[in-house]
Structures are given as structure tokens and as C-alpha cells.
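Got some structures for you, see below.
Next come two complexes built around subunit A: one with subunit B, the other with subunit C.
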Partner chain A sequence: MRNDQHPADRRVSRRHLLLGGAAAGLGAAASVGVAAAVTQTGGQSPAAAVDLNGSRTVPFFGVHQAGIETVPQAQVTYLALDLHDSVDAAAVKRMMRILTGDAAQLTQGESALADSEPELALVPARLTVTFGFGPGLVARTAQPAPGWLRPLPAFTVDRLEDAWSGGDLLIQIAADDQLTVAHATRMLLKDTRSFASLRWTQTGFRRAPGSEKPGTTMRNLFGQVDGTVNLMPGSADFEKLVWGSSSPAWLAGGTSLVLRRITMDLDKWDKLDRGGRESAVGRTLAVGAPLTGTKESDEPDFAATTAIGFPVIPEYSHIRRARSEDPGERIFRRGYNYDEPPAGGSVSNSGLLFVSFQADVDAQFVPIQKRLDALDLLNEWITPIGSAVFAIPPGCTSSGYIGDTLI
Partner chain B sequence: MRNDQHPADRRVSRRHLLLGGAAAGLGAAASVGVAAAVTQTGGQSPAAAVDLNGSRTVPFFGVHQAGIETVPQAQVTYLALDLHDSVDAAAVKRMMRILTGDAAQLTQGESALADSEPELALVPARLTVTFGFGPGLVARTAQPAPGWLRPLPAFTVDRLEDAWSGGDLLIQIAADDQLTVAHATRMLLKDTRSFASLRWTQTGFRRAPGSEKPGTTMRNLFGQVDGTVNLMPGSADFEKLVWGSSSPAWLAGGTSLVLRRITMDLDKWDKLDRGGRESAVGRTLAVGAPLTGTKESDEPDFAATTAIGFPVIPEYSHIRRARSEDPGERIFRRGYNYDEPPAGGSVSNSGLLFVSFQADVDAQFVPIQKRLDALDLLNEWITPIGSAVFAIPPGCTSSGYIGDTLI
Partner chain C sequence: MNTAFTTKTKTLPTMLLLAVTTLFAATGCAAAAEPATPTASASAADSITIEDAWVKAADDGMSAAFGTLENTGDTDITVVSAESPASTMIELHETVENDSGDMVMQAKKGGFVIPAGASLELAPGGNHIMLMGLTAPLVAGDDATFTLTLSDGSSYDFTAPAKDYTGANETYEGDMDMDMESDSAN
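Now for the complex of A and B:
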């Protein structure tokens, strides 16, 4: 035993040793401060290596918050926090100032104000941090809440769990690198400590950077192409249907976020043959084309029938039920897969973090979900187990903070 | 309510509809089989897009199993399984034949034999699948186990939990893309269903592909450069100290894996200043250089002292305690960070999946861990909460299977 060979070891208090003699013995190395140390990393700094995925940055300040129009990053963590009872509007303002400052730094590959691991901040990897306000946060201010800022109406398919629902403050942290997300998550969570407690964490993923050709629509864990029909950032429709919130005034330039945790019964899905799966969705599994087409981008022909008179795209298929004849009933989807360790005898604990942005939850999201709730073939294999709605305030300038139109 | 607008909806049995009329109405689309459908994906197939990260493959067959010398991928999942009581050597052989076949396919970007989502198999992203045998599996065969194939000796720092320890069969699934890992994990877990139950799952990550310059040593969640001193694949030392197992005979070309789940108390670590942290490790945080040097690759000078006579690299620093004067006491590390949602009032549930490969656990790993257990400054902030040892059998040819030297 080494213990026996070095009896002196056992007489030493480790803590005393470290904070006393040993620390004093560091000499010159101990005097290297955080800032100087970070500068020394040289080639790892974003400016020095612009060709690396890890060096890419997304601007933080702007009319809108980042992380919405941003091409979805590979990794995401959603945090929902509950404000402490004692937190008033002034405290929310202090918290948002701190969070804004650190989010602005971290997204640009710079360490947070009190960053305990500044080297981990040096790989931004397109990090974005997006804040959302729940009803409980807005209620602490003197401003009105939008009418839709409340739990969604109850849907018959829902089996909601508190563990994945609600919250006063949402933080969406997304990047192409999981270590970047982990570090930013920790720094921002520390910022909230005096103000709030963590309600839930949900993590998700898409394909890694460079795994597929840019612009490839993501696949979910059922193997389906998921998100073909979507609003296009920069389009007039996007401006109106995502950024078109004008009431209350503090929300101008903002939008809303709906996050639904949808568990997917992969075991049950496995028992369905390929034709049945394509029927449930209304699209081919191979390329995501509507069953009446050959390419993903083809418009579905809902009127087409087979030789024996059945519709080619079944009446209760997902794409038919999701579609509205009202062009105002559209949303911008930006979801992620989730895959947690299975429990018990199951081989999966997997699903989709359904995330949508829309100017008005009641006018855009709710009608779609009501149609799907009433009859969508996919409901046989999917179950919403979490639900939350947040107001996404506008972006801010470098002298402001997220929420400065509210508080 | 849409329910009221479409009363007919409620009369329809969803399952009947899907499996009956609607499925029959699919026409030509329903006749597209799995194989044909996969072929149709065209540009997504590995051969057609060799420049994408997602298209890269690592050979499965060979003298050694893949996933050891392989440059570590960004994402990993470790599965440990317990064999059912009824499973004898013949059943283990059947299971390993099935697992080998599917692992060989999936790692080359081809779907598993009974792949329920074949499109998810098309992005191999350097997927490797590596199998390890625990004492309980070897005991079901007629062959002897290596002497070190048992739980590690108890260390005083250990606070081991069953939830992260032991297991009869280990599967290491690693790729640069988390969706690839998720799909392979599910396919392989399904293969084991009749033979074993899942004991634990551990997932980890490193920097994403392209985040940093190739060859950059990983950082752990303490911000430390972690893994500087390591055996180099292809070197003579590696051949001897990793692949040098010659007894029992079935292990020739194989090695051993030690997996330790080490929780890192980030909150406590935060309270330590930068000098104290560097003292604990013996390296700078900025570049990972020994405190006596300026570059990560510099050899530490353990004899160097400060002007007042203290050693520059403290006596109980991690790098001094980890190092042996016996060159045979070296291991090959291939660990990952883990970061799970924090519970309660904590802001982190994070740590390291310490993974090492060595020809002989008792001769190589145990002496190092004994020294660290006796006195390593880092023990103030880290705690092993899981521990497992597996024999890694050699690789196989395309007509064999992993484990064919054993059973």
C-alpha cells in the first residue's frame, strides 16, 4: 500500500496544504491573472482561427434576439426558472442586466464577468442565448401581458407532467458544441442564483455541424423528415407571423415561444410497417416527399385519389391535419430531438422538443394543435408530456438589456 | 372545438383506420420497400458525399476492435447490460453474432439487419462500436478470465453507486453526431433484448468536430487541459501497454477498459482561486503547461524550487502523484465529459467519464490510482461514484464475430 510507504501523507490536511504552503510555493505562476492567462491561449482565440467551426459567432445585440432566425445549432439546452417570492420588478431588472451582459460576452467567445473557467468560453461555436418571460415574470412588472401568455388549453392527447411544464423565465442556450453549451449554461445559471431556482432542464440535439449538406431538413427519431413546411427567416411572412407582435407595446420586435415535450413511443412505432408509417405522416420516409410527389419540396396534392378512390394522402395524416386553409395559421418551427437513458424494460426514452415561434399563440399555434388533437394518425405513437409558453422580448442594444422594454 | 365541427372524426378508430382503409389507399407509395427507399436518398448516401463529416467511416473489422485507437469522437454512449440468468455460452455466442453484424453495418453507414429507421443509419460520422466483457459473461464460458477482471480494490475516495458500476456486457458507441449515436444505441439495445437487460447508460461529450484544431487536448469541466500525458496509438509503447495482453489466450489482440464515473464539485471548485487550481493540478489552466514550463508538451521539472525553497510543482499535485517512475505503469486515457441536469439547489451535475485502456489493470491502472487515492490534491473536488472493469476482446474478420476467440 502506498499509504504505508508514505506515512507523512496521512498527516497532512489537504485543504491546509493547498491553501497554505503549496499555494504560496507557486512562485511566478501564481501571479498570472485570469485575463493574462486567457490571452496566452493564442491560437485558440476566435480571431486567430476564423476557419474553425468553434470560432463562428452570431451577433448578440439587435432588433430581435438571436437564436430564432439563426440556423439551428446542433446542441440545445432549455432552462426554465421560477423566481423567488421576494423578487420584484427591480430585482428582475438587475437579474436581466447581469444575464444580458454575460450572454453577450459568451456568445462572442469571451468569458463571463465572473467566469470561473474562462478557457471554456473561447469556443463560441455559434452560441446563442435567448430569453423568454413566463406569466409569473410579467406579473411582477407594471406592464400588461399578452392575452396568450398562459398555459395552452388542455388537449385530449396531453399527459402533461409538472417536471416539464411552465416556468417564469426561459433561457435557450444553443451552440454547435456541447461543451460550449455546458459552460454557458453553468455561467448563466449561476447568475440567476440569488433570484430564481431551476424548475426544469431539457436538452436536445440535431445533426452535428458538417454531418449533412447545409439546408438538409432534420429527421426525428422516428426517422421522419421533420419540419419541411416552415416559415423562412427574412421573408415577409416571417416578419408578419413571427415578428409581428405589436401588443402590448413592450413586445414589439419580440415573439412567443411554445415548447412541447413530445415523447415518441419508438417500440410501438417499430411494429408498424413502412407503408403504415408513411400513411400516418403523409410523406415518404426516404426523402420526405408528400405521397403525391417525388421531392421533399413538392406541394402535396390533397385531392389525388388512388384507382379505387381512396385519397393518396390519407384524410387523417399528419400533414393534412396540420395544414390550415388560413395562411395566418402558420408557425416557425425550430425543434430538437431528445434521447434520454431508458428506464425499466424499455429500449427508449426519446422524443421531440417541439419548439415553435409565432407572433400570436392563440391565433397561430392553438388552431393547428386543436386540429391535430381532434384527429392526427400520429397521435397513436406520440404523447405531449410537457408544455410551456413564453413571451420572447425583443433584442437590445449594447447599452440596454433583454427586457428593457418591459422593466 | 374542432371535435364539434367534425363529429365523424370521433367515430373512427384510429388504429383501424390506419391499418385498414387508409393504408390500403396508399397506392404505389406503399409498395416502396425499405431497400429501395434508402437508395432513393441519393445525395445523402456516404459514397455520394465524401467531403461531409457525416460520411466518414472507421473500419469495423481488424486485429483490434475500433473505438480505442480511433481519434476520440465528439459523442459517446456507454451501455452496460446484465445477462439474463438463462443465457448460456451458446446464447452469448448468438447474441454476439447479431451485435457484430449490426455494428459492422451501422459503422459503415448501412442500416442494421432489422433497422426500423434505415434513413438514420446513413450518416456514420466515424461511428465505432466497441464491446467489452465483464466477469459475469466470461464466467458463462469454459474459458478462464484474466486475473484483473473483477471490481477494482476499494479506494478511500470512492463513493460508488450501483447505478454506475459493474455489468456483464459493455457497449461503447461513439460518433461525431449525436443522432447517429442515438440510432445505433437503439438498434444494438434491441438486439440484446432476448439476452440481457440494461444495467446503466452513461453519455459523454468532447468538443464537436471542427471546433478546435485537430490534436487539441480536451478540457474537462474544471477548465483543465485533461489528457496531456498519454500513450500514442501506433507507438511501440502502445502496442505493449495496451495491446500486449497475452493471457488468457482468447484475449490476444484485446485489452482492458476501466470506466470510472468521477463527479466534479464545480461549486466548490469555484471557491478556489486560479493559483490554487493550478497548484492542485501542477499545470497552468491557460495552456496546460507544467508549472515549470511554458508549453503543454514541456516535461515537468519536479526538482525545481522557488526562491524560498518550495517545489514549484507541489508535492501532492495531481501530475506528480499520477506519474510513476516505472514506465510500465502507464495507461491510455480516452475519457469524456458528462453534464446532466442539476437537481435540487445545485448548479451542476457534472464530471468526467474517466476511461482508460491497458493490457493489465492490476499492473498499470491500480498502482496509479493507489497513489492518487493516498494523496492527490484534486481529491478535494472530485469523487468517483461509478466503477467498472471489462475485458475488451480482440477484433474479428468479416466472417467472425466479436468474442469468437472466447466462445
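Now for the complex of A and C:
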């Protein structure tokens, strides 16, 4: 029933009224203001009059978890947690019930249970919360783990740091508004205190909502159009290659997530001319068209050669190396840029949170990365410094919780 | 509203049912705006709901339960008492200012009144259902069940998940003078 609720429903408006009374006396009266209110239900919702982006909601409950097929929001925070040693399957279940309840409410613009800053919950801005299970969490249960739920094989390009790798529980929190993300992050992390400790946090961003036409492919901080060839949510390919995980049984309706933190050496990139930049990838910078085409959507022609016989799209280019002849070796990318404060005299600390979803990490992601590891001119400027793999359990109904097929 | 983990049931003793029905007939109490069709099942328990129920996780001693009680009916409802297997003793508490200006909590005389068509918020620092003696640790994610007894003798059951909560520490330190001095930052 919750899926049917409009974000500006009766309850939210009641909150508005209750909180309006409390806010006036923030301070000495804060301890009694909210509780003293006895308010008529069915008030009017001030937010409903204008079609604000902040009012938009994404259903939480469903066959699949939200935040995967969802058109990528502008802001994301990834949290990885390590379970306390004492946490057993029963405790994991209790944790997931609490997290699910609060995620369900926050994503619909309703305050979490015992929300310490309930006003901040009133702007959902397409908030989604997506949970992933690492090998350490599945091991606490009696259920088998999928074979691919383990660290990726070592790649020669990797310079992995523990600070960005691994984890028992992943929480992906994404919305079009950073304040919304921050509040949801705070509330959900408070829920985990009895069960787990924070291992790492990674934040990323895309264009703000309304800045460009919906559906525009993201650009990364190299200026490249990044994510052109991608599986389309709702397509038969997507069903099979993202949602096709059926073994073990608890994963049906779920998928996997690979998160790679890829640092991009912008200073070194500066030294490369525009032609060099385009041939490294195999696409134009202007519109992201393959070097053999004019539009982003054009199929690259890898057989086309220049007047002197060289391939127009070089053999070493990123798109040539990423492409597989096997249509099963495809993934769904949903990455974000990151841009952190630089250290040590540098002027940038930037990169990409490469995020992909696929039914089978070993069958789909690993072969692609092996090819890129062996040869990809882009490797001159990019370095993976973090890596994590999570099983994404299916969604749940309003009477269940995320992970209810596992524990 | 948190419907995911809250289950609610309503009960009404048959004898009381008759009494209530008679009362309706005798007084003709009906809101002017709504067509009054009192039925045999009409009781306070049919008009009361709780949203966002939760109880503070605690190892032992005291705790408290919160949520928003709503009265969808056209007569006031009074909650006169609460019971739970989670606690040997439960009181309905309010928070008031005493003569010296301190906020203190005390048993709510007469119980919680939820006016017709309105709601009553139970929240840290305000009205709450006080668990005076936990029978077992209430750990985060566990459920506690409660039965509210209403003034017409009907009762309303609900389930509330336990949550870690660091605010409103004033209430649960086993300090029987119920000092409401809060150490939460404001």
C-alpha cells in the first residue's frame, strides 16, 4: 500500500503541522514542543502546490531493490560496514528489519522512526536506499554464497587500498539533493551502531537535476561521455544480464554490484592533446560519437581504416578493448564522479566511482576487466585504488525486509 | 506510517459491546458532518490506530514506547492503561513543568485523551508509555507487543520495534525522581 502513497500525503502534512509548532520553540521548549501537540489530521500540504523535484519519490518496495533501474540521481553515498564479531544471523535479521523500515519511510519523504531531525526527511528528492551483502555477511547465515561473491582477481593495474575495499554490508544512498542524502546516511548509520562499524564512505556526483536534458549520458572529469553503451532497464537483455541471478535461490530478483574506485590523473591528462584523448577512448569528446561516426548512438566500425591503413578506432582504445564478441559479457554501468580535497601539493584528487550491476560477476565483469587490464591506453591515466563486490538481494514487500530471502 | 512491522488487533468484550451500542442509541451521539451509523462493532478500539510505533532499546531497567495515536472516530478516546510482556509495570506518562520551572514527567491522571478526529503524539520529552521494569533486554530490531485498554473497556494491540536511541536519556537511568534534565544537545 505504501507504494501508492503520494509523497504529500496526510501523514506528511500532519508532520508539517506538528513540526511547525515545535520549530518555533527550538531550544528550551524542544523537549516538550512536539509531544504537546494535539493536531487535527487532514491538514493541507504546502508542498503539494508546486511540482518540486524535492517532492519526487521512488517506490521502495518491489520485486527488485530501487536504485538500480532508477535513473541515476545527482548525489550518491556508498557506505561499507563491517559486522561486529558477535553479530549472528538473528542479529543480521534484526538489523535489516530496522534498516528496511527506516529506508522505506525516508525514501517516501517520511521521517525515520525516532528521527532526530524529522524536518530533513520531508524532501525525498528521489531518494533510494539499496542494500548489498558482502561475503562476510552471507557467511553469518546458513545459506550458500554465489561463487562470485569474493574479491575480484588481482589485476596488474590495481593499486588497491584497504580504505576503499571490501565490506560486509553495503548501503547505496542516492538522491537529487545532498542534504537528503546526508540525513538518510546519518539515520541509517545510527541504526547500525549495535551491529556494525563503518569501514568506508565514498561519495559521488553527477549533474544536478534540471541542468541538462534527462537521459543525457554522464560526462566524467576527463570530459568524456562515459556510459554510452549500456544495458537498458526494462529490456530483455537487462532482465537476463542484470536480474538473471537465480543461484543461490535467495538471490532470485537480485543481482551483484561491483564498485571500483578509479583515480584519474588529471595533471597527466592535461599533457595529452585533444586528438590523443579521443584516440585513447575511441570516441569524440564533443558528442561521444565513435571516431567512425557522428552521433553518440552510432555503432563503432572497428574495421574502418585510415588512408594509410591504420584502424580509425585504435586497437588499444578503451571502447575497442571493452567490447566483447560474446553478448553475454555485458554489464550495467551506473557510476559517479568523485572529487575530493587534494593532498600533498596536488591540485586535484578526482576520479570515478565505477559501479556496475550484473547477474554474474565472474561471467560478465571479470572478462571485460581482464581485457582492459591487458591493454587499454586509458590505463596510462587511470588507476583502480578500491574494489568491492556485493550481492544485491531482491526487493521486498511492505510486510518483509531486505534480506528476508536470506535470513 | 510504518506498516511493515506493526501489527494491530482490536478486541471488545461482548458485554461491553452491548453497553456501548445502547449508549449510542440513548445519546444519539454523532458528529454533525458525518452520517452516524453506529453498528454492533462500534467501539473505541475500532477508531484508534498507532503510527510509527517504536520502543527504545535498553538492556534492563526502564524504557519507553512512542508513536502517534490517531482517533478516526467522532468521539474522544481515552487510553486508560497499557500492558506489555516486555515490562512488569507500565505507566502512561506526561511531561509537565513543575513549580520550579523544571520539566518533569509524571503519571498522566485519567490517561491519554485522543480527541475525536485528532492525533496524540507520544515522543521523547513528551507523552510516552513508560516501561518501568523490563523483563528481558530489548535489543534493536526486536519487537515488543503492547495492549492499550481504552475507557470503554475495549482494547487495542500493537507491535513496536525496538530502536537504539540516545536522546531522552533523562528518563531511563533508573532515577526514580524522574528528573527531565536532558543531556541531549540543544
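Just so it is clear, the second predicted complex is superposed on the first by the 358 of 407 C-alpha atoms of A that agree within 3 Å, B and C clash if a C-alpha of one lies under 4 Å from a C-alpha of the other, contacts with A are read in each partner's own complex, and residues count from 1 in each chain.
Convention: a contact is a pair of C-beta atoms (placed from the backbone, for glycine too) under 8 Å apart; a residue touches a chain by one contact, two chains touch by 3 or more.
It should be emphasised that the depicted structure is a prediction, and the values quoted were computed from it without experimental measurement.
Novice: So, does A:199 touch the first partner subunit B, the second partner subunit C, both, or neither?
Specialist: Neither: A:199 stays clear of subunit B and subunit C.
Novice: Would you sort A:190 into first (subunit B), second (subunit C), both or neither based on which partner it touches?
Specialist: Both subunit B and subunit C are touched by A:190.
Novice: Have a look at where A:116 lands relative to subunit B and subunit C in the superposition and call it first, second, both or neither.
Specialist: Once the two structures are laid over each other on A, A:116 reaches both partners.
Novice: In the overlay, answer first, second, both or neither for which of subunit B and subunit C A:334 touches.
Specialist: neither
Novice: Kindly classify A:126 by the partners it touches after superposition: subunit B alone (first), subunit C alone (second), both, or neither?
Specialist: Touch status of A:126: no partner.
Novice: Can A:318 be said to touch subunit B (first), subunit C (second), both, or neither?
Specialist: Neither: A:318 stays clear of subunit B and subunit C.
Novice: Examine A:74 and indicate which partner it touches, taking first as subunit B and second as subunit C; both and neither are also allowed.
Specialist: first
Novice: First (subunit B), second (subunit C), both or neither: which does A:261 touch?
Specialist: Neither partner.
Novice: Report the partner of subunit A that touches more of its residues: subunit B or subunit C.
Specialist: The partner that reaches more residues of subunit A in the superposed model: B.
Novice: After the superposition on A, what does A:64 contact: first (subunit B), second (subunit C), both or neither?
Specialist: So A:64 meets neither subunit B nor subunit C here.
Novice: Common interface residues of subunit A with subunit B and subunit C?
Specialist: Comparing the two interfaces on subunit A, one with subunit B and one with subunit C, the shared residues are 1-2, 14, 18, 26-27, 30-32, 34, 37-38, 40-41, 116, 190, 193.
Novice: Can you list the subunit C residues touching subunit A in their complex?
Specialist: Subunit C reaches subunit A through residues 1-5, 51-52, 54, 56-57, 66, 68, 70, 95, 97, 103, 114-115, 117-128, 139-142, 161, 163-165, 167, 180, 182, 186.
Novice: Under the touch definition given earlier, write down the residues of subunit A that touch subunit C in their complex.
Specialist: 1-2, 11, 14, 18, 26-28, 30-32, 34-42, 91, 93-95, 97-98, 100-101, 104-105, 110-111, 113-114, 116, 190-191, 193-195, 398-401
Novice: Applying the document's contact rule, which stretches of subunit B touch subunit A when the two form their complex?
Specialist: 1-3, 6, 9, 12, 14-15, 17-19, 21-27, 29-34, 37-38, 40-41, 43-44, 49, 52-54, 74-75, 116-120, 123, 125, 176-180, 182-183, 185-186, 189-190, 193, 197-198, 200-201, 203, 205-213, 216, 219, 221-223, 266, 269-270, 272, 274-276, 278-280, 284-287, 291, 306-308, 310-312, 314-317, 337, 339, 341-342, 345, 347-348, 350, 367, 370-371, 373-375, 377, 379-380
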